[in-house]
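See structure below.
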Amino acid sequence: MNSNFGEKIVLSIFGESHGAAIGGVLTGLPKGIKIDFDEMEIQRLRRAPGRDKTATPRKETDEFEILSGVLDGKTTGAPLALIIRNGDTISKNYDNLRDCPRPSHSDYAAAVKFGGMNDVRGGGHFSGRLTAPITALGTICRTALLEKGITVGGHILKIGAVNDSEFDKVNISAKQLSVLNKAAFPVIDSKAEEKMRAVIEAARQNCDSVGGMVEIAVTGLPAGLGNPMFKGIENVIASALYGIPAVKAVSFGAGFDFADMLGSEANDALYYDKNGNIKTKTNNCGGILGGITNGMPLIIRVALKPTPSISKPQQTVNLKTKENVTLTVEGRHDPCIVPRALPALEAMLCVALADILAGEGKF
Amino acid sequence: MNSNFGEKIVLSIFGESHGAAIGGVLTGLPKGIKIDFDEMEIQRLRRAPGRDKTATPRKETDEFEILSGVLDGKTTGAPLALIIRNGDTISKNYDNLRDCPRPSHSDYAAAVKFGGMNDVRGGGHFSGRLTAPITALGTICRTALLEKGITVGGHILKIGAVNDSEFDKVNISAKQLSVLNKAAFPVIDSKAEEKMRAVIEAARQNCDSVGGMVEIAVTGLPAGLGNPMFKGIENVIASALYGIPAVKAVSFGAGFDFADMLGSEANDALYYDKNGNIKTKTNNCGGILGGITNGMPLIIRVALKPTPSISKPQQTVNLKTKENVTLTVEGRHDPCIVPRALPALEAMLCVALADILAGEGKF
Amino acid sequence: MNSNFGEKIVLSIFGESHGAAIGGVLTGLPKGIKIDFDEMEIQRLRRAPGRDKTATPRKETDEFEILSGVLDGKTTGAPLALIIRNGDTISKNYDNLRDCPRPSHSDYAAAVKFGGMNDVRGGGHFSGRLTAPITALGTICRTALLEKGITVGGHILKIGAVNDSEFDKVNISAKQLSVLNKAAFPVIDSKAEEKMRAVIEAARQNCDSVGGMVEIAVTGLPAGLGNPMFKGIENVIASALYGIPAVKAVSFGAGFDFADMLGSEANDALYYDKNGNIKTKTNNCGGILGGITNGMPLIIRVALKPTPSISKPQQTVNLKTKENVTLTVEGRHDPCIVPRALPALEAMLCVALADILAGEGKF
Amino acid sequence: MNSNFGEKIVLSIFGESHGAAIGGVLTGLPKGIKIDFDEMEIQRLRRAPGRDKTATPRKETDEFEILSGVLDGKTTGAPLALIIRNGDTISKNYDNLRDCPRPSHSDYAAAVKFGGMNDVRGGGHFSGRLTAPITALGTICRTALLEKGITVGGHILKIGAVNDSEFDKVNISAKQLSVLNKAAFPVIDSKAEEKMRAVIEAARQNCDSVGGMVEIAVTGLPAGLGNPMFKGIENVIASALYGIPAVKAVSFGAGFDFADMLGSEANDALYYDKNGNIKTKTNNCGGILGGITNGMPLIIRVALKPTPSISKPQQTVNLKTKENVTLTVEGRHDPCIVPRALPALEAMLCVALADILAGEGKF
């Protein structure tokens, strides 16, 4: 197993939910990037559980320690390692899961792959908790991107049947994104939040969970970044975002809506604006043509499946007795992972963008 | 620019649409894989243009020559190189495109990246023609997968507003897939074909184009293949499929539909079937849990945007005169790329699966 | 900067000599490898400073903590992270080195590359202390190799003008190697040790240092491992061993002696031994032909330059005042790094062999 | 098997000696590099066999065809593919080698690895002929390096017992290198050539072969290039040069001589020259400190073993009959590969340097 991402900026994640510590190493960073500890705290809290009823009441120790690669608050250029000690783990909740895999959880696939060696407690290395070091290290990239005028931000587009307004793909501003990317429950249409929270609360009260969709945008990327074929913007970003647990769909620009569009509707007409800059009148391509940025905002949509750990009785198998059984999952789980997954997705996107830029000598 | 894919099985694609030749090198193949020239011809024809009115009337020379890595009809284990000579190119059609990028085509992004050096004729290295060596080399992987009991096949799920029936995610058979993966216009519901063809023909007659969606399945994959985080099945496959031009969305299992599902609806209950094998009652996860296969069929959906090269007048810029202009694209273009893209997507999926298997010592 | 090694087994090293901690992450390990803590202690002590007069009297805290990837004393298959807290650092010894690079030390090259950001204290990330996590993690690979019948061991071949006997390239035994690879000062000819120690002591008393050469062998490797061209045994091993500070030459088999040999002298005649196994009568090729193992012992020689940190006055530059100056290096440095470098070289060789085997599905 | 080199500039070599063609793909090149066809012809002839008695009288068709990535004599930035058709192959000479591996040739190792599938004719993919595309593609990098003021050149340092003068490690000039790197038999001391040729001719007349050593230098590299640990200058260059057949030793600067040096002798004192540039008084480190360039010339030594294909009767095994046999190798082989290997080593060094520079955004 290898939990590394990137070619030039390489992120290496390690740890198990109930082991000694989780953490990561980020290499390839240039020297002199400021570590913005305030921003790291903001993003840590966005991802952390236990803040409100949309998330698990589990308290996790998310405080990180930077072990290397930073001197006087700035990166030195040497590998940056960061660890987060584990705590508040109740391993007994996982005793029956070693034999009875939770439906739609990684338990079964992991049991086949790692057999008796898999550390099933808390999901082991498969745990969503591993997004904590991703968020911390990705935030370092986020700060560096911001210094280059590149802003990443997203909102919750859909929870169950409730939709937020979509991004205005052409006119998204860095300012709008920088408000969203600090919010605990970021939406464009403030009325959507209440309705979404109601859907999540209903799921929670029903011992159930619910899925959702997020929309993320990036402003300030220069045109000409990326490659055709396999090292394109979409390839690299999709590969990064599928690293966040529960992600089952990633699209760019109009995404699946393209299937029902004519070329004359879909094509983004080019024009010179009054400042002599080339722009497009629409942005269905989501800022990417032939795998390469065109200078318009990047538009990415990601769908996440409902948390599989629900307290409702479910059908599964007992791997030891080889019988069909009914399982009731105990423990403190998230009724909806979407609000906590969004900062991790944004952080991972920052790592991917840093890697793309670094690969072209621009980071 | 680097057009390489893979870690253990490495595919390296080269060539420009109007250069001397296009081709590719496939390394990491085990020795002794049979080259199935009949299958390569079937897949070549599926991808080739000029067969019917859904595609460009352009005739392309797709005949390939294997230069290395094959002896007596079998792979030797050494790098396998394959080239396809170019022909029937009408470069004058591209004269005005050097200055006036086609809306939603890679022209503009490529012009920024490669400046005056980009070989714009026929799209250069960005051309959809590069899917010819991908299809040829991917078919070699397809044959090897088939010998291991792994079958890849897909169908056209949607063209404009016309939908084909969806795969039965639980009961897809290798037999069904092996019929679809030889068809020129594969659909499950035979009535869908006629309606889809009508949509394409209407677009063609309107000097327009139309997008679509395909659904691809894989049967016979063992459980336990893949990894959590960044080297998971979804990461690798998405990264591969975004290498095919026009792809703007890739999802697994229920994909974007997860956003509106409860955990109790989405979770795939596990059970022992009468042969003692572990299966799931539904397959919303598309055969992948925590980045690892669970033994159920893989289900992938891919949306493709309409071909940007349409003959309707469009707004664009003239990069030389720095003016806004109206462009009418000449040349012989596809009103719908979906039927020709499907075999390339399947081929690329075969390369990705071969790489995943090889990385675990199973290819 | 990226301190990662390997394709399938990836070693990622982090830390600075005077930072919070040093450590590493080892990914791609199979599940179920036993962690041999006794062997780790043996190798830790071989590499550790402060044991006798051949090494610096500096005491380093080398005790490691495994953070992840191990459960019940065995690897789980998840990334294995290990850290070593720093201690006993006297940073003031390095104050004048920020401006006045030590001749033949990385100081100057690092100053150019990392400018004011380089953590010069103790050599920062360039420090020989980084061989501590390499040795610890490499020892985990060493144990796994041993379980497959593969033994790595070496001896000090030369210190100054004093030579040890060479390995009998054909008849090296695992038994011989397993004695050498536990010794603090491994030599074949016991008389060589005393003479070598005298050379080192003379250098120490003269405020000087001395270089040397080691010879390392590997028994038990199967024939057929490796590749021609760029992924051959020699390419991978050389690339790994040059990662240990002070290494300036790496050769295989007869190495530089080949320059003065005829083909009829150099060629290793093949024969069937009485058990029907194919062997060679000589082993000038050092067990590698065309980048691939031939089943004979691997023979590697490595030369290390003298420690650059000597207390004799030396000519250098002051980067701040831009003057030529005389520098006297203070601090507690090694008069000869060779005995402490050997276990690190062996450990790194184990990582490289594990990666080669894993890449062929044999680890 | 994978014959790829590099991270940013990726060289992929394919082909077998007696197949349809050999060639390679070079990706990651920037746009606008001039293809210097005259220089390519010079280097082609230096590597080509059949020119004089030091080499095999075999005539090889070395004429290459560039298939992609070049427009109007300059690189476009797209992958550059190049092929060389095979010809003048006498495959019958290899009939008995399929069963009876030549001592110290890759035959035996390849037979174990690739079994019956190995294309043994002419050495297959293991053939020294594969250095033809390496030389051609490396020369494209050489031209690009030259435009940046970086010059690569080498000389034959030793053939048998005959030595050429060594490079003056401090005062090597680009001018000196640019004469050497065009010569068929480059030496510093013109008297050495005649003596070396006599050694080679004696070997040829005795149906034998002889080994040798080359010394290669690079001027014009900026200080600060490279990394500590595993991505250092030495790691990357050694890994590249071991890709050339027959290489068995690679060293930097004083190399193996360091073993017998004191720190006070080995250390290269730093000083400001009269132009205010930092230089070293000696250059034992060969221009590399801590894996990073220091601005002094790079000094590399490479030893090559004698060609294993000699016409003298030799002991080997018959893999079919499982008997010990005597083999007399027929065919037209090189009595000394050193003069022909030098341009290939230089070319491969150019690829490695291009990759290092590209990885830092400087190519």
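Each chain carries a letter (A, B, C and D) given by its place in the written order, and its residues are counted from 1.
Keep this in mind: a residue touches a chain if its C-beta (ideal position, glycine included) is under 8 Å from a C-beta of that chain, and two chains touch if they have at least 3 such contacts.
Values in this document were obtained by computation on a predicted structure and should not be read as measured data.
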Partner chains that chain B and chain C have in common: A, D
Comparison of A-D and B-D (more C-beta pairs in contact): B-D
Most widely separated chain from chain D, with each centre as the mean of CA atoms: A
Cα superposition angle of chain A on its copy chain B, in degrees to the nearest 5: 180
Between chain A and chain B, centroid-to-centroid distance (C-alpha), Å: 26
Length of the line joining the C-alpha centres of chain B and chain D, rounded to whole Å: 39
Rounded Å distance between chain A and chain D, as computed from the means of their C-alpha atoms: 46
For chain B, residues that touch 2 or more chains besides their own: 1-4, 8, 13, 113, 125
Residues of chain B that touch chain A when the two form their complex: 1-5, 11, 13, 101-110, 112-113, 125-126, 130, 157-161, 203, 206, 208-213, 223-232, 234-236, 238-240, 242-243, 245, 247-272, 276, 278, 280-281, 284-286, 288-295, 301, 303-310, 312, 314-317, 322-324
Chain D residues touching chain B - in the complex, by the definition given at the top: 1-4, 8, 10, 12-16, 19-23, 25, 27-28, 31-32, 65-69, 71, 74-81, 83, 113-115, 117-119, 124-125
Of all residues in chain A, those that touch chain D in their complex: 7-8, 359-362
